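Structures for review follow.
Same chain, two partners: chain A is paired with chain B first, then with chain C.
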Partner chain A sequence: MVKAIFSKLGGVLGSLWLSVALLALLTLMTWLGTRAQEHMGLFMAQKKYFESWLYVERLAGIVPFPLPGGMTLMSVLFVNLLIGGLVKVRWKWQKAGILITHIGIVLLLGAGFVKGMMATEGYLQLFEGERSSVYRSHHDWEIVLEEAVDDGVRQWIVPDGEFLDRYDGRTARVSAEGLPFKFTIHDFLLNSTPMTAPPFAASPFPAVDGAYLKPLELELEHERNVAGCRITVDHGDGRAPTEGLLWGFERAPMTVDAADGRRFGITLRKKELPMPFTVKLDEFTHEYYPNTMIPKVYMSDVTVIDEDGPAKHKIRMNEPLRQDDMIVFQSSWGPTNARPGERLYSGFSVVENPADQWPWYSMWVIAAGMLLHFGLMLLRFIDRESVARSRGADPLVAAARKGVEA
Partner chain B sequence: MRFLPPVGSTPLLLLVLLVACAPEHRDVQLGAPGTRTGPTMPLGASTKDRFGLRQRQPSAARSPSAQFEYDLPDGWSEAPASDMRQVNLTGPGITSWVTQLGPGAGGVLDNVNRWRTQMGLAAVGDDDLEELAHATLLGQDALSLDLIAPDRSKRLVGRMLFAADRSVFVRITGTADDVEAQLPAFEGFVGSLADAEAGATRGGGLAWSVPDEWQPLGDDQFRTAHYQVAPGVRIWSSVLGGDGGGEINNIRRWVGQYGQSMLRPEEIDALETIEMLGTSGKFVDLTHEDEVTRGMFGVMCPLGDKTVFVKMDGPSAAVRAHEAAFRQFCAELRLD
Partner chain C sequence: MNAVHLRNLSARTLSCVIAVLLLCMSVSAQQGDGPRRTRPYPEEVVDAFRTLPVQEGGRIKPFDTVARFALLRMNEKRTLHLPDDPQLGELSGTTLSATEWALDVMLYPLQADGYPTFVIADRDVFDLIGLGEAAKRKRDRYSFDELLPGVQKLEQEFERYREIPEKERTRLQNQLVYLYNDLYEYSRLRSVFDAARIQLPLGESQILRAAFGETGEAAGAERQSVGFTEATIRLQTLMEAYRKLEQQAGSGSDISELELQRVAGFLNNLRDLAERSKFVIWLPPADHRESAWLNLPGVFEEYRHDGPEPHAAQTEALRLYEDVVTASESGSGALAGPGVAFVEHVRGMAERRGELGGIDLEVSYHDADWFYKAQWFYLLAFVLAAVMWLVPRSGALAWSSFGVSSVATVLVVIGIVQRCILRERPPVSTLYETILFITGCTALVCLIVEVISPRRIALSVGAALGALGMFVAYMFEMNDAKDTMPQLQAVLDTNFWLGVHVTTVTLGYAATMLAGFVAHIFVFGKLFGIRRDDKTFYRSVARMTYGVLCFATLFSTFGTISGGIWANDSWGRFWGWDPKENGALMIVLWNLLILHARMGGLVRNLGISILAIFGNSIVAFSWWGVNLMGVGLHSYGFQSGLNFWVNMFYWIQWGVAGLGVVAWAMERSRAAGGGTLPEGASTS
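Right, the complex of A and B next:
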């Protein structure tokens, strides 16, 4: 009975009909997602359509209609390929090419899955002579508390998963080992701007020290959103709580003087991500095509320092640095109005993707599989032809004659 | 405070879907701290400094007039100018000021009677205006008045100029004796009074000069010194109270308007500053690398009680072609 159920299920999951249905749904999702980018931006469209398990479209703009998201479709397609293309296929050497090709496609889908689940993206900006072993996320935030101590800086980090939903009266009360106070996060805003509170009138939003955070509509380009929130520090010594505002573009942290005399800084910033090496910008070079402002060359001469020692690299447009699952692309530079001799900075997009090279490998696997499959077909054809000739009948000539007679 | 995700913005989305499940209050327990080396955070900044919001300064610190030139009589001193006193002077027992208004400015009779009322004198009629004395003010014929209160407690001596493009009032007031003592000095002051840099254009508290080929487009509520520099290229200035919304906010707004990548604080700090209005302002170049995409130059110049903005907008290549003119316009812009 159970075997029959699994057999039936396997039949459905490995069927060609399911493959066709999945490809049709993928096409529909791609069309809807591409259209949606226009009004909701790339990031949001990716999240809603391509990186979700389920999304809801509104038919005629009114009736909600759930559809499987990219994660669902790709996962089922993965299983479909695995069962239909590898398990159900008869494993014999004549089918070796098809099997290898399917393995390559499965690897390709696996690369997409691993990238979707594990890859991180961000940016790094260095002035000539500067170095860094961390980069910043484009989209994720974190609240950081720091205290200067004799041997460096002590640091606590609150990831944004703890405060992204702290709005409309919701709060998060944060305490930490070694921290002499607790603080509460309120009024989180994904996009905000600080304003000077009116001196003789009520502020439209909670004001602190003559300033308040004004909520803004979300930007279509998600990385342009600048988050903000209000926090209340409970010193635990009978003093009135200290209120403060945190804003993603703030120039300096909020200062908290704890009851025990220690001094802390609290700031809201884009999430900082470590790299397994340090990048030092030695020189940035840019050239324009003559008499235009069209860039001809952007290039960063960098030194990459890891446990094996320093190594020189050049990062150009379309020629990123690839090392230790990290890809560092040349993406921008500035100041764009710099005068001759002025110190320049170089901007890099940084991607950490454990499956970075998997598409490259899968391409070779697919190519090998197809080469093998078509090679075998050719060999079989040649074999059949030679057999036919040995019998005195040319199959091609026979087929042609048959067509003329018809 | 309310969170405002736009309709359909699903990811938040998923968060929003979870709202029903999300507790009103959450306790977050962090583990032991990590450590890092490198520079420490700069502590002790005020909230406004942290956010780049400048402190609102009282307007009393406004500099003496840049609109008129004059010889300051001995023993007199300059007081801060104001909207109604473009020149504001004090001397022994007296005050003297110059007010420039638009043409007409309430009419001759009403202004004469206003001064008379201030001295406790009865109003006069139209017929009496013909009997008023005349004198020269700013090189033009003006009415001359010498009004003494009935009890001789105060005296007002002044001139009224009603020209086609403006009305100018100059006066000295004080006790009758003090005004009498300072009258020669006042006459010397009035005789020396002249328009500063004749030929400059004024408006919105600013004065400026532009090349002849720039075509005026007319000022409005938000734009002063609004010109067409070249086909498709416009320049204008704006004056906003206080910090005008703050440096970072304005740059963010401009960056969004002109489709450029968002500048981070360190990039904003690295922007070039140019000298203007006796201080410096951040120069923002938001032109694109291609020729036709709309781009701009912008400068914002905080002055304490207000912020002056200058923008040049148009096709990127055309805007870049007028960079020198933009910089010269900013350098020559003055407070009026």
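Right, the complex of A and C next:
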């Protein structure tokens, strides 16, 4: 009975019917998700369509119609491919091309899965002469408390998982070992700007020292959002709580003097991620095509310092640095309004992805499989045609004559 | 004006258009009647100026290219037909090449101002700029002179609309913006020789008179004015004198203060003159390490810093530049010597820098007009193919169509190869080149299929698609009206990925579309009952559709994945759901869907044809549709103004696919009566 159910289930999951349905739904989802980018931006469209299990589309803009999202479709397609394309398919040499192609696709989907589960992405900006062994996330925020101690700086980090959902009026209360106070995060805003509170009227949002954070619409390019929140520090010594605003672009930290005399700085910043080496920017070169503003070359000469010592590298567009599963790409430069001779910074995208090179391998596997399969079909077709042609004197006219005679 | 793409001026240039146009008028006044020509240019002058190397858009190109596209933008043609006018003498009623037109604008501006250069597609534009009574037909060509009275009103209107994104403007607003930009470009071209034409007055300045009074032809006579080159050569001396005067003026001397103002005024005029004449950058720099050629303000700066000694070749070029204007005043025939000498000198300078390489080839490429000729050959091949179907026993017609189509394909291949040589790039790196490549590949694949399977179907489809593709390429070039060989942004500057990804994904587009078009034959044949009982014919068409789809799947899959790998190297991620990436993915998914549906027996020949036709709309979305959205990282591929045609194509393809369903239903009802399954019916 169980075997029969599994067999039936395997039959459905590995069927070509299901493959076709999945491919049709994937095409539809891709089209909808692409069109949606015009009004909701890439990040939000990605979340709604491509990285969801289910999305709701409104027919004629009114009637809600649920459809499987990218995660559902890709997962089922993966199973369908495994069962139908590799397990159920007959393993004979005539099918070798199809099998190889499917193996390549499994590898490609596997690369996407590994990246989704394990990869981290961010950016790094270095002025010439600067170095760093950390980079910053594009999207994730963290609150950092720092205290100057004899041997450097002691840090407490509150990741955004602790407070990201507190933007609907709820609060998050945070305490940590070694911290002489507790603090509360209020009204976390994903995108905000600081404003001066009106002097003679009620502030539209809770103000601190004559300023408040105004919520802004989310940017279509999500990394351009600047988060902010209000925090209240409870000293626990009977003093009135200290209030402050944290904003992502604030240059100086909010300072808090604890009851025991220690001083802390608190900042809200993009999440910091470690690299297994240090990158030092030696020189940045950017060039435009002559007498235009069309960028020709961006290039960074860097020194990578790790356990094996320093090594020189060049990072430019299309030629990233790959080392220890980390990839460092040339992505931007600035300040864009810099005058000649002014100090420039180089902007890098940084990705940690153990499956970085898998698509490269899968591409060749898929190409080989398809070439084999379609090549064999073409040879068979040519063979049949040559037989047909051998029956007519004029290759161009024979077929037509045949048609007329028929 | 149908020209639709990217004609916005940079913000810094906007405010000065009125000033430039007014300067044009003041120069006209200064010139009085000004020189005119009534006879054609000597052939060698036109040939020379066509091959004058200039730097524009970041590359060295022939002046012919600059002139062609400038005229195309303004006039929507690459030539200009002159009206019958006795004042034009031998030129009356003749047609000017782009270079001849540009030479007239630069050397005989008062005459060129009367040429019907500017196309205005809607006479409402005239009402908006206050020239309603001057309007001619709904769509007509107008001269600079006719438009000049409306320029101030035009600028007011332009200021209202320029901040509105192009795709949000109304058609009329866009026309105003384009007209404004065209007039601005014209006025800048008109000023190219102003630095050679206008003499700078020396006034009462003792220093200026001492500096210029004893040189050249004016030796021993009291000079009143001096030309640009002579003034520039002495720029360093003048700057020194100016600095000394500044010091003296600081000590309170009244005379020095006055003299200081005179010298400062002269230097400012000199700089302004250089600014006005900077539109065409034709002077190679002395420093071989410097890649930027010099415009006249650049000359001003270099001579100010270095003096004339390091710039002997440049000084000679400037003198020859002035000689051209002097000669032009004696009539176009007098230009033969000075004109050719000027161009030869600049070419020599470019050659010594190793930058003359592609100039002559580019001129010959434009002259050959390979793709326009190929369009007519394809059209002829298609006509022959159509007649061939009416006279099926005629082998001669089939061979003729095959031969003519082959000639057309050879022309396309030659054109593409020439572009590759000129650009030092693989065949596809711009949207325009995708049209050429897709058409060339489609036609070539059809010819190959015809050789393998001589059923005349591929031959006919190839000729039709060849003609259509070349027509689209022609229209694109006309509408875009920009150099089709632009420099590539840093991210695209990799011949490896351009060769691997762009070429293969474009082949995928081409093959998917070819399959869709072959499928049209199946659907229309079934719908209209053509060769209803000829199963061999329909089997051949279906087999061809399927075979081309296999080809399409291979290339679109390889191209899409390789694009992801390129993106991984450029932007740090394999897949970012960018619209262009999604478009390519949709083609892959759709092709896979068709192949799997066929393999699973869900569709048969007619079903495959319907799906393949629908696939055409997916290709159009990926190829053009996503570019109209204006979002995503593939910003170099954006194109606007083609919404109507792309939407029209979608609807036509959906309509044909719908007709396929009708054909399927008809077959089904026939089969129900006759007992056989229709072509598109499922067997499962």
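Things to note:
We take it that the second predicted complex is superposed on the first by the 357 of 406 C-alpha atoms of A that agree within 3 Å, B and C clash if a C-alpha of one lies under 4 Å from a C-alpha of the other, contacts with A are read in each partner's own complex, and residues count from 1 in each chain.
Note that a residue touches a chain if its C-beta (ideal position, glycine included) is under 8 Å from a C-beta of that chain, and two chains touch if they have at least 3 such contacts.
Note that the coordinates shown come from a computational prediction; the quantities given were computed from them, not determined experimentally.
In the superposed model, A:K48 lies in contact with chain B only, and not with chain C.
Of the two partner chains placed by superposition, only chain C is touched by A:N318; chain B is not. In the superposed model, A:R251 makes contact with chain B only, not with chain C.
Looking at the shared chain after the overlay, A:L189 reaches chain B, while chain C stays out of its contact range. Once chain A of one complex is fitted onto chain A of the other, the partner contacts of A:V158 are limited to chain B, with no touch recorded for chain C.
Judged by the touch definition given at the top, the superposed model places A:T171 against chain B, while chain C stays out of reach. Common to the chain B-facing and chain C-facing surfaces of chain A are residues 294-295. Here chain B touches chain A in the complex through residues 1-6, 8-15, 18-19, 22-38, 40-53, 56, 242-243, 245-246, 248-249, 252, 256, 261-262, 264-267, 270-272, 283, 285, 287-291, 316-317, 320, going by the rule given at the top.
On the chain A side of its complex with chain B, the touching residues are 36, 40, 44, 47-48, 52, 55, 125, 146-149, 151-158, 162, 164-179, 186-190, 193-196, 199, 205-206, 208-211, 213, 215-219, 221, 223-224, 226, 230, 244-245, 247, 249-255, 263, 265, 267, 293-295, 332, 334-339, 345. Residues of chain A that touch chain C in their complex: 15-17, 19-20, 23-24, 26-27, 30-31, 33-35, 37-38, 41-42, 45-46, 50, 108, 111-112, 115, 121, 220, 288-292, 294-298, 317-320, 327, 329, 331, 349-351, 356, 359-360, 362-363, 366-367, 370-371, 374, 377-378, 381-382, 385, 389, 394-404, 406.
By the touch rule above, chain C contacts chain A in their complex via residues 55-59, 281, 291-293, 295, 392-395, 398-399, 402, 450-456, 459, 486-487, 489-491, 493-494, 497, 531, 533-534, 536-537, 540, 543, 547, 550-551, 553-554, 557-558, 561-562, 564-566, 568-579, 582-583, 585-586, 589-590, 592-593, 596-597, 599-600, 602, 618, 621, 626, 629-632.
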